[in-house]
């Protein structure tokens, strides 16, 4: 049906530029109102502007961006009681018209959103990695060289915060959005516009965070400890608003995913037949939906402190730094499992394909992930072991923290059981999976040293901690991300990047990564605190080795990106329909996946891991009645 | 299947050798943070113990991964391969979970006991008054650490509340650090003594340690506290004999004479000024 | 195909420009550095070099502060100082700011200078009443700390207090931070944000050698 | 976007309200909201219990006027009742009374918002010396105001859709908004008790 495009559609075509215009307008309005309408401001002797002005400007800039993207058309229509969008409009918004332009506007197609996520994640990863290169260059010498004490802290804060943005969506964003609906056999997410919103909150968040450079930067790192945050210049506001946006995005996508998974599964898709990856996304979504609001509450308090001069975190004014530390880490610790649990799921999803046999201990694997999710809510105070807060509680948090290694160990048991006596296909993704297990093992064992209070008194807040969470996030999640990109690229783009060079790239990134962070583990044990620009001279050799390896790491990560771009945009080799001979539903649908995923209903019979019988997970039932737009 | 059995045997033997060798090496290697105080020695003992437990488990998992991945014949990526379908094994799972649980529980118990024995960072102190001058080395000498943006200063209530910018401690004398801050959150890290405690404004964080080795050590701030966090370090902290300590204290008293009349009376916490916002 | 590669190249170029801006304008802005003026006299067998700094309540009023924060308190002309290694620095500070008072009274003590003393309007002093202090000139790593008396509130408009002191810098070249320990940043929490945490106002670097 | 469901369930997207996904999701949102409210509750109790520097509730800082606070509870309670009536009517397909009740609910919701704005301004904006009781009260009232506004906008959209017959109210929608309104009304009652009596 070729109806002439309505005005709304024409505007929607230009969503991205309009959004940027709206962002600028919104910022100017908010800045003017906040600066002049609000009686006075904290740090008013700052000629760049006042905190209320900046904060309100950022908030309205997000609104303006979304309005320009066309997110407000639908709600305003509802408010006016207008007619619901026609089937054509819905199909159009869904990206039915096809074409590359879908990827640059608001669309409700979960597959398009998945790819948008992938691009955004890789952009964040690249920019954050560049920051890491600057940091390592600075740390070549014990005293400031390429940065000043001031810009270095902002550099560290930008690197860490941007990487947290990246990591909190790295797996669940691209692969969760793209494959969960297909895996559970539905044609769409429960709330497609909400899903689009959760993605389109990321670009403003990134821009707002980076704009701190023009406001003097912020010196608190990604933890934003108060009252230092109260003391910071305007750049702090970028951190607060950016982080709040990420928190909102995590929470909303969590709610959306849970609703989709629990209420929209295909016939026969009992919970006990859900692919393990869907289970991991479910657990992660619960973590996100239930933990992110704590962050939002903390950020609101900080915003009040900075704009209305309340004293939530100012001791002499009745507040307490511990309040921020508790609220932040109550979000912060589930957050780190938001990073890794989807990685576990993806790894266990891929293992059976390459070992050609069922997942060993499916139920216990699910139990393990659920256990991680539950435990992660009662461990947050292990970040406060040396803070002097509630010493009598430390044994409990030490115990609960160490308890998490049990469900985590289960994941390894399942992996070993699946690999046991199998004749493994050593494909490129399998290499990255191997790297994941090696790195995450080190990450886990370094964690034990930190969870034990007496040893934590030496290792806390040192580079040992920094290396520990880089082993879990970079060595764990990002390795899983790379494996998943290689594994799913044929389905997502119809292209393959599986070339011999990639195996060299794996070994390069594996060796340089471990070289870097083993050096940093030693630096931490020898007593180098985090986030310092000047350090004791005797630590220089290890820092130099870390930097040299880090350069190699940066180069090899860039190589991965280069191979990806080259293969997808320039070389464009068409991939096989099911190159890994997987039995999963996502590989049974044609490539490219139809706009509405299925034109015949999938009916699930079993877990998609029956490689002994070779029986696919789902049959395809009768054809779906045709509908407009499809 | 004979070669498989031999392979298993080889891997197990290799792992045993690696585990034992590693543990022995650990036992003889230097373990941070060293032996400069009772607290530091107990921490390095904990670290050693954890490492001794962690290394064999770590290498065992690695050996198993290596075995399953490599020793099994690796199939080419396209080969039509099949293996018997194992869907799980309750006994193996139960055993694994039980084993990990036991390890975790014993670790937690050990940590709790160690915590109970040498109270590292006993947290906020109850009493407001300063300790009396110790009459024996087993009684603690109170030393206050005042963190401010961006320098540590120290007060000795037993010596008329004198304030110095250098930390000097008598050896073999039990020290009770009282750590507080005048503005934002800092963290006082005396690496060699194994002392690390956050300095929080209007909050008195107590750590007890007995230095056992004389020498010059490094002190630094371990919590991000603003512009000069990286420079908030001092290489001149010293642990000296009690006679040298007395001499140093004498010298400081004369140096501080002009300012003594201005210092606030000693207290465990100090109001930051200005109290809140504004000039 | 070709168009795509051009898009790629264009993107890389734009990104490179942005990164260049970040590095040159933000990461390492290379501020103006003033060198000590050498003199003929010597002290303790070391060459004496002169410095003359001014502290003002708002750098903009003096018309010399960098444009970004004209109404911040600060040292003028700049806080990036350079002295030859192993010399004696003869520092003269024209203190034009009002009295704020020290947070930690201990910094009322003069330390690390020659004879542990300073000269205030000709009077030799070993310590200052903390409540009179407007700023301090403190180089922690050299143990140098000098409190600067503020002009009284009822003093005439352009009144100033001249503080003079000598201190010895090490023979080894190096970079030393120096700062003020008076909570003098109006309107910020604990008077310790803004200019206190921004290089070029109340925080600086002393380049030796 | 299609009427035909590939899953055997009714497709629920935000363009087709109703069905168990909607009700289920609105309860999920309540769960997430609960974390937010518990964080604020934690802050309230923590700051009150420690009373740092005696600055929890310094003398001279009052409490919001009792009358205003009670009115701010009465309005949402009336709305709640109206919504309950709407739900029972819709689920029993007695559509006659629905429009009137919806208008009533909307009217009261608007009044609620107005009163709550007043309530939020009970402490002057010079909060740096007003202690943390004033701070948490202001923040909590602001949060509640925001949530009342959001749910109120949703209610407005339902009313408009219903009275303009473009989108007659479905039982699921009636139930979902009833749940939401009941939840935040309950929260605001708890907050009222805390701020007026626990102090």
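Letters A, B, C and D mark the chains as written, and numbering starts fresh at 1 in each.
As a working rule, a contact is a pair of C-beta atoms (placed from the backbone, for glycine too) under 8 Å apart; a residue touches a chain by one contact, two chains touch by 3 or more.
This structure is a prediction, so every number in the text was calculated from the model and none was measured.
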item: By count of C-beta pairs in contact, the leading pair of chains; value: A-B
item: Farthest-lying chain, centroid of Cα atoms versus that of chain D; value: C
item: Geometric centre distance via CA averages, chain D-chain B, whole Å; value: 48
item: Whole-Å gap between the CA centroids of chain A and chain C; value: 42
item: Between chain D and chain A, distance of the C-alpha-averaged centres to the nearest whole Å; value: 31
item: Centroid spacing, where centroids are CA-atom means, of chain C and chain D in whole angstrom; value: 53
item: In chain C, residues with contacts to at least two other chains; value: 177, 186-190, 192, 197-199
item: Touching two or more other chains - residue numbers and ranges from chain A; value: 42, 149-150, 219, 227, 231, 309, 311, 314-317, 322
item: Contacts with 2+ other chains: residues of chain B; value: 183-184, 202, 226-228, 231, 271-272, 276-278
item: Sites on chain D touched by chain A in the complex; value: 1-9, 11-15, 20-21, 24-25, 28-29, 31-33, 35-36, 39-40, 42-43, 46-47, 50-56, 58, 125-136, 138-139, 143, 153, 156-157, 159-164, 166-167
item: In the complex with chain B, residue positions of chain A that touch it; value: 42, 149-150, 152-153, 219-221, 223, 225, 227-228, 231, 309, 311, 314-317, 321-322, 355-364, 385-391, 394-395, 398-399, 402-403, 405-406, 409-410, 412-413, 415-417, 419-427, 434, 437-438, 441-442, 445, 448-449, 452-455, 457-458, 460-462, 525-527, 529-536, 610-612
item: Interfacial residue positions of chain C with respect to chain B in the complex; value: 100-101, 103-106, 108-111, 116, 126-127, 129-130, 138, 140-141, 143, 145, 177, 179, 181, 183-192, 196-199, 203
item: Footprint of chain C on chain B - complex, ascending; value: 146, 148-151, 153, 163, 165, 182-184, 226-228, 231, 234, 255-256, 258-259, 262-264, 272-274, 276-279
item: Footprint of chain A on chain C - complex, ascending; value: 1, 4-5, 8, 19, 22-23, 26-29, 68-72, 174-175, 177, 186-190, 192-194, 197-199, 205
